[in-house]
Amino acid sequence: MNLPFDYERSAIGDFGGTTPTTTGFDNARVVILPIPLDRTTSYVPGTRTGPHEILVASSHMELWDEETGTDVHSIGIFTMPEMEFPFATMDEVMREIRRVGTELAIRGKFAIVLGGEHSITPPLVEAVAANYPRLTVLQIDAHADLRDSYMGTPYNHACAMRRVLETARCTQVGIRSLSSEEALAVPTLATTIFYDWNMRRQTDWMDRVVETLGDDVYITIDCDGFDPAIMPAVGTPEPGGLGWYEMLGLLRRVIDARNVVACDIVELCPIPGNVSPNFLCAKLLYKILSYRFCRELSVPR
Amino acid sequence: MNLPFDYERSAIGDFGGTTPTTTGFDNARVVILPIPLDRTTSYVPGTRTGPHEILVASSHMELWDEETGTDVHSIGIFTMPEMEFPFATMDEVMREIRRVGTELAIRGKFAIVLGGEHSITPPLVEAVAANYPRLTVLQIDAHADLRDSYMGTPYNHACAMRRVLETARCTQVGIRSLSSEEALAVPTLATTIFYDWNMRRQTDWMDRVVETLGDDVYITIDCDGFDPAIMPAVGTPEPGGLGWYEMLGLLRRVIDARNVVACDIVELCPIPGNVSPNFLCAKLLYKILSYRFCRELSVPR
Amino acid sequence: MNLPFDYERSAIGDFGGTTPTTTGFDNARVVILPIPLDRTTSYVPGTRTGPHEILVASSHMELWDEETGTDVHSIGIFTMPEMEFPFATMDEVMREIRRVGTELAIRGKFAIVLGGEHSITPPLVEAVAANYPRLTVLQIDAHADLRDSYMGTPYNHACAMRRVLETARCTQVGIRSLSSEEALAVPTLATTIFYDWNMRRQTDWMDRVVETLGDDVYITIDCDGFDPAIMPAVGTPEPGGLGWYEMLGLLRRVIDARNVVACDIVELCPIPGNVSPNFLCAKLLYKILSYRFCRELSVPR
Amino acid sequence: MNLPFDYERSAIGDFGGTTPTTTGFDNARVVILPIPLDRTTSYVPGTRTGPHEILVASSHMELWDEETGTDVHSIGIFTMPEMEFPFATMDEVMREIRRVGTELAIRGKFAIVLGGEHSITPPLVEAVAANYPRLTVLQIDAHADLRDSYMGTPYNHACAMRRVLETARCTQVGIRSLSSEEALAVPTLATTIFYDWNMRRQTDWMDRVVETLGDDVYITIDCDGFDPAIMPAVGTPEPGGLGWYEMLGLLRRVIDARNVVACDIVELCPIPGNVSPNFLCAKLLYKILSYRFCRELSVPR
Amino acid sequence: MNLPFDYERSAIGDFGGTTPTTTGFDNARVVILPIPLDRTTSYVPGTRTGPHEILVASSHMELWDEETGTDVHSIGIFTMPEMEFPFATMDEVMREIRRVGTELAIRGKFAIVLGGEHSITPPLVEAVAANYPRLTVLQIDAHADLRDSYMGTPYNHACAMRRVLETARCTQVGIRSLSSEEALAVPTLATTIFYDWNMRRQTDWMDRVVETLGDDVYITIDCDGFDPAIMPAVGTPEPGGLGWYEMLGLLRRVIDARNVVACDIVELCPIPGNVSPNFLCAKLLYKILSYRFCRELSVPR
Amino acid sequence: MNLPFDYERSAIGDFGGTTPTTTGFDNARVVILPIPLDRTTSYVPGTRTGPHEILVASSHMELWDEETGTDVHSIGIFTMPEMEFPFATMDEVMREIRRVGTELAIRGKFAIVLGGEHSITPPLVEAVAANYPRLTVLQIDAHADLRDSYMGTPYNHACAMRRVLETARCTQVGIRSLSSEEALAVPTLATTIFYDWNMRRQTDWMDRVVETLGDDVYITIDCDGFDPAIMPAVGTPEPGGLGWYEMLGLLRRVIDARNVVACDIVELCPIPGNVSPNFLCAKLLYKILSYRFCRELSVPR
């Protein structure tokens, strides 16, 4: 934006708000893509405001990461405006998300997508898998999302991982809710499930998660994978789930051991008057970037 | 429900809650049909909980109406369970609503439908118009809802009245929001609009509304037709709109002068912690029934 | 409170907060008595925090009244601490309220009581009527509260005015909700009802209200007598009701024409995050005092 | 409900909402009894809406339990309508709860009661103890509830366990709030207390809880026994308390080792706009049923 | 923003959201300047999020104005990013606002400023008065804001109009709260006050307001000038105040009769979960622009 | 307060509410000082209501502490009214806080201060350090607060500990948010930081915290030092942080091993409708007193 005079401003809507350096799309190593899709979510509605609230929260965050000893913002982060969906059918919506995902992938951008409902993941995985044919997907979620169709459509968020399995193998972590029909289907599917109720019984469970993953990994984090204590702002808040440091420990281990090529954070459904969940998502996004790119920065750890 | 022992109960989910007499479907003169459809609404989500919250509120209402001097409950009111939509496409949803609406119409029930979003009105009007071929529709709303399509679909709530016009003539009251495209189309459509900003300039405006209506009338009330002062619980709360006694005055005049054959109350989007809007809808529904059926009761007015 | 050093303070819990002059009980002309009774209220709970929230709000109010041109605070206003009810039965609670009301009455204090539920009014009226045997009661309310008993008890708030009628004649204004049973009883009771739906049909309705009142008047204001537009914070918010200037107009007319000897403001049920209703009650209380005592102040109007 | 045409419905108010099989009272092995009693609760009000919100939440839950590998719904679950209390005194209320509890007990139903305030537990324990004379009661709660009377009545929720002790021995877990008076009385009472602040100091604390219990056990869970992190929706949210998997671990151990004959979940006080606590209660109820009845199902674990 | 591929986007943070034409600063006739200053406001905090919430709401508004028959958006509206205040003292803050206001004024922009607290008005009036030396200020507000200093500072929002009077004559409308000190000072100040309690006693009150104004007018609207029924989202919601059509009627009359050169809308303090007040402000802003610029558009009215 | 008749009251605003014994200032060993300062806090506003909400919550707390086996209330606790700040500059505010802190210190009172924002800590530390020249400060916080100035002022809460360091050495625990500029400055400052992400890696971390402390210790607890799961009511809720029993464990160890001479609890920013955080603070305050003074009570532990 060009103004013909000096002006102290803040940039609500850009990740990190007022930041020392401005990055254009071309120079950005990382692109944040907000997809506020919200068509089929049940129970508590509102995922459409999730991406916006994460970006608002991000401007209240410090940009230094004391764990890696870096300020990863300098890598170049570009925030896209929110995607719009002037389309009649979910078919068209899916095609459009795949197209935009592909545009980012072919330009070598590391995409972090902010949902919106979980149904956005399958087309994003398709876009990424074009470059990484042996991609595996790590899902952190309360729900298996393995229904073949729901409410008459294969695009419902309750079917997201069933659709993903058409493109890539999956590892599912934190699962604590599935239907009898899904439980029956699991043995026939190319997925490994770490159920929340017993996954911590062996202290090496994070290593075992890593072992199931191939070289190239797409990470999809449904906010309800977290413990509702720290993440009540989801449509169906299942008790149990990952704590903050459990999530970070798992993510760091995966990012250190594998080539993480893209990720999404979905299903945040902001609760008016409680900013904690929004802030947590902003911080989560930044921790992922710090883990992923700290080695590319010249700052010693 | 049969229980093998005495039991003092309340019936959440039935209009009026605990009531002196229970009515089965067959004996009911009035059928309340909750249709919590919520697929395409923009901005503030949540119309899917509207019908339920209206019914919860109704159990805290007195059943005597001091204006008509009647207790219209005795006419026989039956509350349907909530309609479910295990369908992929809006086409199927529309067909199903029309089918259920027709089932009620052919059995001579006076239907009061609780939405859900405004896109449920066109199939209901179709169902009613089969019996009343010269039906006119009275809409009370902030928005003209006259777009030909929106977000890629002709079934969006922003198109509801454009769809209704394919079946019946319309009179639109309280309108205070429309797009340039709709403004351009209005002169070509079989509709009479009473714009909120100037409709009260003549004291006989209610009479003029009645004059535009044919013998048989379907009434559709979008909650945002009310002043947001008393109805903040809507998706896009447009300032201006009808006060409580303005709404009642208009409804009574129409019901006294014409044959009102069915109606709907749509787009309530409950605000957690504020029951006023929910209670207002419950009372509105009961006032409509009191006006409509007070003459059929033996109690003198 | 004596402190051994200077200290700039605010007094949350005292009406008006930090005020230029402090009044002890003995010098006070007016006593504010908070009675947070909340035992039998139905639907939306929470009247027990009403008095406290009114007092908190009052500290954000200006003490000048531009209508009467006075600062009535100088008359001497003393705020009692909240009444406690370590009693098993409503009988004992009623006796205790009557006793305290009597203590104030015999000392010549003008009592303004903050509820709490409406069931506190009958014992207060009894206490006042001991001094004013021909007392009439002016009630402003959405509900007639004329049930003989409710939920098994004669002390339920739904019976408040039926109990009051055992002590004094009543005039009821703004009524828009009563049961068939109450409607049947009305003709047999010593009460005049101004129904909300038609009371404004004659422009002199306030004069007609005044005419029904005897020389000495107790005023009881149930918050739901107001339009829910400005007073959503009540248990059963009935649409319709009095606007702010309607209420003030009526109160001023009554206070100018009759001897108002005490009053109460009851059934405020604060909505977390919306201070408007609390503030309105604080202002209402102060307007009543300004109308009632402006003539006793030397400040010219 | 009989309707003369096909109708896709959801059943708000029935546990689990739309379920594949419908169970009548007679065939039900389990009866869910909602008792929304809310008369004497202090501080934050609202337990009366607790049972309803748990049932609404339950319809968004999956019916498969991945831990036991069962769908326990097939055992036959019947949801009673909400109990009403048209009674003047707590004496009558207690008598009525005991009567209904007895009706269920003599028909061999496994009752799960949803409160309402904790004062409903003593009459339920009395009803159950008629069949199981050596019953012990396991309470999970933040408060000892051992006052002999409070606010003038022996029926206050602060006295619930003192009343229960008149019928059965108790074990109290998670306790972290009691008065000096209660602390003094504890050594004289037939109760074993596991204080929250030190109960986890030995790793076998759950075994030690089990050892204190007799063969037949009634479980009463006050929602404030949970950590407020996952259960803020209570009247007095005491920091500390049980986590989700601690609660499940304890319940499973008790259910596997003893004969659990009935239970209640009380004092949920829903927070508008935050469904997590409601959902947790629905899931807790279903986990108890899964643990309790998984052995009776033919499905292999 | 330049992207190397097609992208359907929405622009949260720009007035009107996704709009058909994009306007750069240079071509804009109107500049919207968000100043989220929030340092000294008392009671309910939060005006700092006001401007952002108004802009978010504006994207859900139709751009056609049915009253003037225009789409004024085509005049060219540019939305500035939010102003930042990295300054120690209110002196510096005031200077910076005056500087930015002057930058807009000298470029001939029509500025609409979104506050933030009322203390931003004096430097804006100073900036505008440099071009219009005989400027008068029309204030619509509940509070006189005429204190000479408050809480130790002359820059408190309670002093805003006292500061403005150092630059320009004022007319104050809707006033219903002032201190004894302010009441005493009024006769000595160059201001005309229309008190809310009696300003409507003559039907020509709007004409009388216009008569007090000079040729060039700056309008400052404090949100609490509105009736709290439609505008509860303010720091101290005074009952009474202007309705929606009263406000519009007054604004249109002033804009038609005088040269309105700039305006501000201040003190919106958003209530989480209630978007009505935010939406009202967005619509108010657009109505002002429609009234002000409809004559400059070629579209016939 | 003297009343000329018996009166059962509760004392909202006094710690513990209705308590068996009343303590005057002179006899009090402990003084609770509420300082609702709220001038420079960013993001979510509202710390000014923190102290009041903590005191309201405290009246719903039991006064027995089961861990120490004492009722420490008997030591004499006096609650000051809220401090007011009729001052223009932060300089004056700081001077006033230091003066009041000194008045308490010279009278030998143990002060527990309730904020308000963190900027109140430096003058309090100065007041205490006058008596304890080798004082060290233990801070529990998410943020380092070590900026030299912020938003143009050295008094911003983001600079609180940088100011404290001008008076005393510090130990900072739970830190998980700091800027690059602060990270750079840390090695040059007289502070020891225990970063939240790795401080628990050694089981003796609490001992190591104690070792860093001198004989006399001032404790400052920023509410955001807690895990947002139990303390969402803060301005910038950083994920991670201390659990309830971690906090208590650390406090008890410090209080047992060192001479704790004063403390503050700051930055509570109440969320309307969620009392848990307020209650936690009340309990935290009482636990600190129980740990600190249990040895001075004659009751055996």
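Side notes on the structure shown:
Letters A, B, C, D, E and F mark the chains as written, and numbering starts fresh at 1 in each.
The rule is short, and it goes like this: a contact is a pair of C-beta atoms (placed from the backbone, for glycine too) under 8 Å apart; a residue touches a chain by one contact, two chains touch by 3 or more.
This is a predicted model, so every value here is computed, not measured.
Taken together, chain A and chain F share the touching chains D, E. Using CA-based centroids throughout, the chain positioned farthest away from chain B is F.
Taking each chain's centre as the mean of its C-alpha atoms, the one that lies farthest from the centre of chain D is E.
For the two copies, chain A and chain D, the CA superposition rotation is 120 degrees, given to the nearest 5.
If each chain is reduced to the centroid of its CA atoms, chain A and chain B end up 41 Å from each other. Averaging Cα coordinates per chain places chain B and chain C 37 Å apart. Counting only residues that touch two or more partner chains, chain D has 85-86, 227, 229-230, 272-274. The chain pairs satisfying the stated touch condition come to A-B, A-D, A-E, A-F, B-C, B-D, B-E, C-D, C-E, C-F, D-F, E-F.
Listed in rising order, the residues of chain F touching chain A in the complex are 42-44, 143, 175-180, 182-183, 195, 197-198, 227-230, 232, 236-240, 271-274.
Put simply, chain A touches chain F in their complex at residues 60-64, 66-67, 69, 71, 227, 229-230, 244-245, 248, 273-276, 279-280, 283-284.
Residues 1-5, 7-13, 18, 24-26, 52, 56, 80-86, 96, 100, 103, 107, 272-273 of chain A are the ones touching chain E in the complex. Listing the residues of chain B that touch chain A in their complex gives 38-40, 45-46, 48, 85-89, 92, 149, 151-153.
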